[in-house]
Structure formats: structure tokens, C-alpha cells
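Take a look at the structures listed below.
Both complexes shown next keep subunit A, but they swap its partner, so subunit B is in the first and subunit C is in the second.
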Partner chain A sequence: MSVSEANERRPPAGRSAGGAEQPGRQPAPAPGSDRRGGSSVELTGVSRWYGNVVAVNDVTMALRPGVTGLLGPNGAGKTTLLHMMSGFLAPSRGTVTLDGTPVWRHPPVYRTLGLVSEREAVPGFLTGHEFVLSGARLHKLPAPRAAARRAVEMVDLVEAQHRRVGTYSKGMRQRIRVAAALVHDPAVLLLDEPFNGMDPRQRLHMMEVLHQLGEDGRTVLFSSHILEEVAQLSGIVQVIVAGRLAASGDYRTIRRLMTHRPHVFTIHSSDDRRLAVALLAKEPVVGVELDPAGGLTVRTSDYGTFTRALPAVAVSEGVRVTRVLPTDESLESVFSYLVAS
Partner chain B sequence: MSLIATESLTKRYGPRVTALADLTVTVEPGIIGLVGANGAGKSTLIKILLGLLPPTGGSARVLGLDPVRQGEQVRARVGYMPEHDSLPPDLIAAELVTHLARVSGLPRTSARERASETLRHVGLYEERYRQVGGYSTGMKQRVKLAQALVHDPDLLLLDEPTNGLDPAGRDAMLELISRIGTEFGISIVVCSHLLGEVERICDSLVAIDAGRLLRADRISSMTTATGVLVIEVDEGTEELAEALAGLDVGEVRRDGPALLVPLTGDDIYDRVLRAVAERDLPLHRLDQRHHRVAELFATETTETTETTVTQS
Partner chain C sequence: MINLTIVRLTLRGLFGRRRFLLLLPLPALVVGMALLADLLGATPDEWGQPVLVGLGFAAVLPVLALIVGASVLGSEIDDGTAVHILAKPLPRREIVLSKLLVAVVVTTLAAGTGMLLAGLVSGSGRLGIAVLAGTAVGALAYCALFLALSLLTRRPVLVGLVYVLVWEGLLTNLVSGTRVLSIQHYAVSVAERIDGSGVVTSTVSAPVALAMAVAVTVGATLLAVDRLRSFSLTGDTS
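Then we have the complex of A and B:
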């Protein structure tokens, strides 16, 4: 489950001949067309205010097939945004569309949309199977039992499906809610903090489920505070800070675009001092620091030039490099830069 | 003297539910991560260690004391931060922590002083004179930590201290915990589901599964190098993969954007670096792959199989 696969996970543009379409562009199927072509959710100039409180402020974004992480500090407006995407809340301004159809006051969109809300509200007296089946019936699916079985299989709860939900663990309840949201095979799945309260094994399993859904060409958006997991699951993020969209796309690309921040690398070598001197002579290096415990920290203003120069310098100096780490390329540091700026 | 020692500790609830089964573990001072699945018995263990729950069988020792017979003495020297939001909303933080300090046996004046000091220490300044009900999740977590620290305990038991916190809040909380552990020399047991967090702040780890000990070890011995070199270049990955394959460095595998090469000797570093330099490729990352604590819980897929292949 590597991060880079997120880039290639988008399904091929399909019928477009000769590959003229860019792979990253919207597949843009006509509404109601085969969803395997991929559905997308588009927000255009969306704001939402509660009285004088602006929860979401002029957000324009597009969600494509694959898994996307929705990030932001507490109170940034993530849940408001998810509720607008799922048609529970009218935007105060702007539009939210699913494959071109507005989601607000348009119940048919629920045929292509599934939502797992943050607050768990599962009637404990139903069995897992009954709960999912009731969803299938409410959707008036032609074969509700088969749909429920398939959804329960997808979240790997077959063995526990005839137990009452009240006896489920947190992770199981979360998974049965995902199953209920998936029962009508929606092309778009929105999840608000799906990992909350899960233990390590449940987290791994849920990550696999979401990854698979993305692989299958569904558009999956999930909010989370655990950046490490977001980075593992998908490199594609939408970052909301104080109601505004602070950045969107692959976080590594976002990092490269922050050219005003020097890139930081940690390097371990057989002769740190010698390597430090040689590196400092290079143009893009703006600072080198020797760590008393071994290793050096290098700051550079130009990512491309430095990463090409480093191997050459080390080879010509005869220094053995045993470790090169881009220390501020993680989603954690990208996120903290975005929130701080 | 070990910090915590249990001997065949067993706890049953009724005839059917076994929360802890024959758990024997010895924990040395430091920052210890306590991990396990939901329902693995973590909360039961904490309650027994605090002397709030008698074990069905076996014995436990905390700071050399027996929590069954010396419960009060244990609680006088242990601070506990519960997982759930258990703060009365209409109390002012400073009053609440002062009260709990007095419950722990501090006299009135020093309780007030200690409460004020501890709240400041966990990062609550002017806010400490406001009602807890109006606090954010992060602030509530800090109050819970402050009340656990107020009587200057020798051991802190923290149950999911980063629950509900956003990235900045988590960072601050982890920083605080690690400072309490290293600067004050207070031993800390942290329950967490986030193994990355445990890797970051803990020295050792106790993993329990279905009431039994899964593993107890130093973090450093669980994150040892795997003997696989990870190379990531910003572009030209294919080109480099071909070049490395031609170098007779063993099997070159791909893992997303990275190339993996078995590290059979130190000269591998030089040969890889030369290959990168000759092609003028941008070197993004070069590092030995390390084991992760998460492997403890991973199913038979992914990393574990990979590492066994390469180490042989």
C-alpha cells in the first residue's frame, strides 16, 4: 500500500483514444453513466456560515476517483464541508455537484453517494446483517439480501453479522457502518474520522478496505487527524485551515511548491565534516550543521540542484553516504507549514 | 526495583469473560507504551494496578507495593489520566485540580500552589480560571493530565492521552509527555492505539492481546534495521533500477516510488551512490529499512514476508 500508487490509482480515461487526455484530468462521465468510469464531486466557490460564524469560506475543489484525505485542525470546517458534500447542509454560497448534479435538495444523488458520519448511531438491537439489510431496503435495491451480503463481505464481518450491533467492538461498529454506506455500491464514499477509536489491527484493516475501494475506481474522501496514516493510505490531500482550502493535491508536490522554505535533509556518512565542507561550497546549500551525535543537517534553497549535487560530491570526495533523509518532506511537516502560514 | 511487575495476573468477569489471562510481565522505569486491541484487557490492567479492582488470580506490584492491600499508598504515588471526558463542566479548572490535589492528601495551601503550577506546566495559563465546560478537547486533555501530575507522582498512567486531538494538539501533548518523562524523571505508562506515537515517545512497549502478553521489549529492539537499503530518486527510477540490476547487487525490487536492494555489505552504499551520481539523478532518500512496531499487528501480508526473504 504505497503512497505513490495514489497517483496511478486513477482509472484510465477509458474510451478516450490515443491517450490524448491527461490521466490526471477528470474522467467526466455523463451523469448516470457507468460509474466505473469514476464519479467526481465538485465544489465551486462554496461558503457556509452560521450567523456571523464562517465555517467554510469560498472553497473550490474537485474530488477524483481514488482515496483522498481531508485534513485540518479541529474546527477548521471539515465536518461542515462533508455535510455539504453529502447534501445534508445547503451551502450559503456556491455549489456542490456530483457528476454535474447539485447534491442539495436532490435525493437521487444518494444512489451514487455514501456517507459514514462521525457520530455513531447504530441501533444496538439490530444484528449487523439486519442493519445493512435495512439500508439496502431503504434504497429499494432489487436484490437487497445479495447487496447486504456483498457489503458485509467487503468489510470482512461475515462471521459476526448475525450478532447484535450492541455487542460489537468500536472497530466492528465502524465497519458495519461502512458496510451500510456501501450497500448500494455508491461511486462516492465520504467518511468523517473513520479511524476514531480503532485499535491497531482494526486500523490496518480499515486502511485496506479504503485502499481497495479506491483501487476499484471509487471516489473516497476521509477526514483524519492521524497524518501518518493519511500519508500511508493516500498522498492526495485536501487541507482546510480556518474554513479555507489551504492546499490540495499530492503532499509531496505541495511541499515542492513551497519554494520559500529551505528543504532540510539529514545525512549520515563516513566523514561528516569533510562532506559538510564540500557541500557548503555548493550554490544551493544555505546551511550545514554537524550533529554532535553524528550526521549532518543540510538546508538547501533548491531541491533539484541539491539532490543531484549530493551524490556527485560524495563520490568525488570519497565519502561513503549511509543515509539521506528528507526530514521535512513528511505530511506532518507539510501540514504544519500550511497551518502556520 | 521494577516499576510494575505482575505474576500470573488473571481477571475474570463472571464465568464467561476473561479480561486478563495469566499475565506475567515486568516493566522497568521509563516511558512505556501499552498497546493492544480494543478489549485486550488494557483498562482492566490499569484498574488492577491502581487497586480499584481486585484480580481473580495472581498478583501485581506497583512501585514495590501491592495494590490489593496497599491501594491508598499506590494511588498516593501514581497519577492517572482517564481516557474519557470525565471532567465536571461547571467547575473552574484551577478549583478542580486543587480539589483533586487535596484528595491526594496535599494540605490546602500547597494544593492550590501545586494546582496552579501544574496547570501552567501543561500549558494552561489564563484559561485555568475558566469553567472546564467551555474548554476545547485539547484543553480538557491538559486538565486531565494536570490532575494526574498535581501530587508529584512517581508513576503516571495515561489512557489515550492524544484522543480527539488534532495534529498540532497531538504534537504538543506528545512533547509534553516526553518532557515529563525525561526532565522530571517520572515513569509513564501510555496506552495508545497509534503505534507511530508509541515509537516516537516510548523507550519500551508492552503489547497485550486477548488478556495475554504478546510482547514486552525495548522499542529500539523492535525497530532494528532489516538489511534492506531503500533508495528513492525524484526522477529516473526506471533508469536506476536497470543500472542497479546490472551491478550484481542482488535482487532489486520496487516498492512504490522506492527501490529496495539487499544490503549485503557496506560497499553496496558506494555502488548505489556511484550509480546515482553517474546518471545525475536527484537522490531523495537513501536509508536502511527498519522494522516497525506495527508489524506486531500486521496480518501475514506486506512487510513481514518481505523482511524474512531478505534476511536469509
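Then we have the complex of A and C:
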């Protein structure tokens, strides 16, 4: 693991990690009405398997106040991990606690925890307002209507709130589910692929909402398989690959690790042989292969250094580069590298 | 103990499902058969057992209870809307009891109305009240059982049908000792005890029937509460 393990335990800069509260001890104030939080979710040696298939393998992490991104390719175990964090799945081994209290078979944790799961559906016969209001009433909030109104305002669905959810677009359904999860102003908010189905404007607004919740001291975790979503929203990233925690820590550190990884490019130019000779003299280039059909394959030890060096080499050699194609740019290859490192 | 928000949500969900609405006319069959038998000159002693027991207690009541009991929570688990209620700091018994109350009341009203009217066709108000009471007892035990089944298996309707058709419909007629484990016989026994005229008869005594109905209801409800505490979200993992 190249990223410091210490990052797992460190709260994001500028955000408080103190003042842990016991779940279920306080009436929840309305969303956005004050600053609250300080709660943390701890996973210790958590594994989950189904028969012979290991979905999550020995994950230890701590979620502190602020926004954390759970990044991983499809099938990596993100949803399984979120289900265990939210008390909807028992770990096969290890413990998941919220402020020291095990979440499995302990419904009072939902006073502190809000969940937007990927599979949850919204009853289509309810209006958006009725759905959120029913959530407020199920939480037995002292002023459910006011809490529902504020939650709907937070997700910018005021105009559509009296329409049946069955008529909503996918993005609107996502937002009304976020409103229902926020109605009791939870200190911990877990969201599974929250931006699915949202258009760019809705996505931006939701990012602002989550960012503000993190700034207010709440512990927000969202899962995604899209690097850019995590990059825009969270300072702390947990990267999960094939059920294992592959990297954990500050986003910039992980990004740097991704940038400085070995890489293979296919390059087409006006003079492939000349360019190949010139590139071989550069340090990050560890191999060059001329393709008989035209073009060359370049192996580099450092993605970032090479992409900066290539234009300079081409200019100095008077070679016109017509095509540069990274051949292993998939997120999976990035994850694979992180696991291997 | 009973959560009115859950009751309201469950009722709206139940009446929004076509499968349930299609079954509502079923109790009219019992009334229709009783009227037909009466018009053809049959006495209540002659049509009481086949219509009220053979059709009402043995078919209409368990089928309605199965659809309603398995739907109140099972359908929400199937379509994923159950998370809305389960991700709340509510004791699981509050959720189960609220769902059970809806299922029992709806089943009793739907099946009991038909049974009451069919009983009244005989000209005996006492018989009407008796079969209504029997229906209520049966609805309670059946709904508790089928609600628990919806948390124990992914195919509660199929398993419930096997119980109703194979166990109650076949085995209890072949092996008399199994009747003490038949909710249908509890319901008939209660009706027989209240009516007292012998129009409907059961081989299970009323005290045993009541005790067993309570045992089934309590046992199934406790099981459902425990299963709901361990409710897991499964499916696609990513």
C-alpha cells in the first residue's frame, strides 16, 4: 500500500472529529437548522462472503466528519460495504460500529444515520411531499411538516413536491430519496451511487448539498465508480477493489499515485522511428516497440512525466504527433495498479 | 405498539395493488352460493357445511389472508420500498404489529362480510355472527402465519398455497390428528361453538382451537419480528 495507513484514521483537514454522540439519545433537529455531527463509523476487519464468494475482504476503515468517497469499479463490493455500514447486512467477520455501537440488529442507530441505498424504491402512489413527510413521522420528529418542508427545499424539489413520485424522473426520485434520508438531520449520511440518473445541473446541486453537509460536520459517505465525481466532492477517498481496501486517504495523494503509475501508449507520428529513438533517451520510457503497420507502442514508468515530456521531444525532433492513445486508461487498470502497489 | 403512519402507508400500498383488488369480489361467491342453495330449497343444514365451511372457511378466507398477509410486508420487500420504513429507529415489533393489524382487519372485513351475509341467508343472525367471529379468528392466525412466511421465504404465496391446499385441504381430511394443526379448523370450531345449531361442525374443540390460534399467532409474530431484526439487503453488489 503506497498511501499512508495513517490517512485512514485522520479526519479531513479543517473538520472537527470530536464530540462523539451516542445514537438515539437526542431528538433530531430539522435539516439545515444547525451544525451537528462528530459521529464516526468504524469498520474493523470486516469481511462478508456468500458461500465461496468473498464480497468484502478484511476491510478496516474509519469514516470521520466530512465527505468521503467510496470509489471502486462495478462489483468491487461497495454496495455490500454500505449495507453493512447501514445495518442492513451482517458482517461474516469483523465489526461495524457507529460511535461505538454495533449497527447490526440495532434500529436506534437510524436516529443518527441516514441511508440512500441503490435498490431502495419509492412508493409511486405517494407524492414527494407525502414520502418525505412519512419519513419524518416514522422518525417521530416533533415538527414533521416543517422538517419535511426543509428537506424538500434542500434537494430543490419544492415545485414538484406535490406530484406523485411515479411521475418523477430518475434524478428526481434520487433527490426525493435524499430528502427523506435527510429529514431527521442525521449526523451520518450514507449514499450508494447517489448521482445515478441525475442530469448535470441536478448533479452539481446535489454535490453542493453533500459538500455543505460535510462542511457542517456531518459524516457523509457516497459510493461511486466514477473518478471525477469523487474528485469533485470528497477530500478523503476509500478505494475498494475486488472486496479489498486498495487505497485510503487524501484524494490528491491517490491521484498522484494514479498519475505516477506505469502506462502504455500507442503513438502515431510523421516519423515513428525518429520519435522512438528520441523517446528512448527519456527516463520515464522503459520500452519502445515499432509497429510494422505504423505507429509505436511506448511503455513508461511514470504517466505524468511522460505526458509532459512527449510534446517537448516531438518539437525538438521536428516530428508531428498525429495520435496519442493511452491503451490501459480504464478505471479497472488504475484500480489494479493501486492494488498491486 | 401500533404505528399509524405504517398503517396508512400499508393500506395505500395494499389498495393500489391490482392482485388484491381482483380478490375482493371473492367473498361474494359465498353469498351467491348461499342464496342459490336457499332459492333451490335446500335447508341451512344441507348447504351450511359445503358453502360456509367448504367454500368460505376452506377457500375464500385462506386465499384472501394469503394474498393480504404475504403482501403487507412481502411486496414492499420485493419492490424495495420496505427500506423506507426499516431505515427508521422503530422497534421491529411495532412494524410487524402495524402490518399485521392492517392484514387482519382487511381480511376480516373482506372475507367476514361475505361470511356474515351468507350466514344471514340461513335466517339465523346467530349463525351470521358465529361465522364472522370464526373468520376473525382465522384471519388473525392465517395473516400472522403468512406475514411470517413472507419474511422466511422469497415465495410466500407458493408456500402458503401448499399449506392451504395440501396440508389443510388434503392431509387434514385423510389424517384426523393433523386437524389440530389446521387454522381452518380453529376458525370453524369457534363458529360452531358460538352458533351451537350444528350447521357448521368441527372435530377440534373450541378451547383447543382458541389456544392453538393464539399459539400460532404469537409464535408466527415473534418469528416475524426476529426475522425482521435480521433483515438483509441483498441483490446486486457493486
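Assume the second predicted complex is superposed on the first by the 217 of 341 C-alpha atoms of A that agree within 3 Å, B and C clash if a C-alpha of one lies under 4 Å from a C-alpha of the other, contacts with A are read in each partner's own complex, and residues count from 1 in each chain.
We take it that contacts are C-beta pairs under 8 Å (C-beta built on N, C-alpha and C of every residue); 3 or more make two chains touch, one makes a residue touch a chain.
This structure is a prediction, so every number in the text was calculated from the model and none was measured.
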>> Taking the superposition on A as described, I'd like to know which of subunit B and subunit C A:238 touches: first, second, both or neither.
In response: neither
> Touching A:325, do we find subunit B (first), subunit C (second), both, or neither?
Replying inline: first
>> Once chain A of both complexes is superposed, is A:307 in touch with subunit B (first), subunit C (second), both, or neither?
In response: first
> Which of the two partners, first being subunit B and second being subunit C, lies in contact with A:225: first, second, both, or neither?
Replying inline: both
> Once the shared chain is lined up, is A:127 touching subunit B (first), subunit C (second), both, or neither of them?
Replying inline: neither
>> Let me test your reading of the model: by the given contact rule, A:135 touches which partner, first (subunit B), second (subunit C), both or neither?
In response: second
> Just subunit B (first), just subunit C (second), both, or neither: which does A:74 touch?
Replying inline: both
>> By the touch definition above, which subunit A residues appear in both interfaces, subunit B in one complex and subunit C in the other?
In response: 72, 74-75, 225
>> Can you tell me which positions in subunit A touch subunit B when the two form their complex?
In response: 1-5, 71-75, 169-171, 197-204, 225-228, 303-304, 307-308, 310-312, 314-315, 320-326, 329, 332, 335-336, 339
>> For a test of understanding, state which residues of subunit C touch subunit A in their complex under the given definition.
In response: 3, 5-6, 8-9, 12-13, 16, 79-81, 83-92, 229-238
> Where on subunit B is subunit A touching in the complex?
Replying inline: 35-40, 136-138, 163, 165-171, 193-196, 233-234, 255-258, 266, 269-270, 273-274, 276-277, 280-288, 294, 296-299, 302
>> Applying the document's contact rule, which stretches of subunit A touch subunit C when the two form their complex?
In response: 24, 55, 72, 74-80, 83, 86, 88-90, 105, 107-111, 113-115, 117-123, 125-126, 131, 134-135, 137-139, 180-181, 193, 223, 225
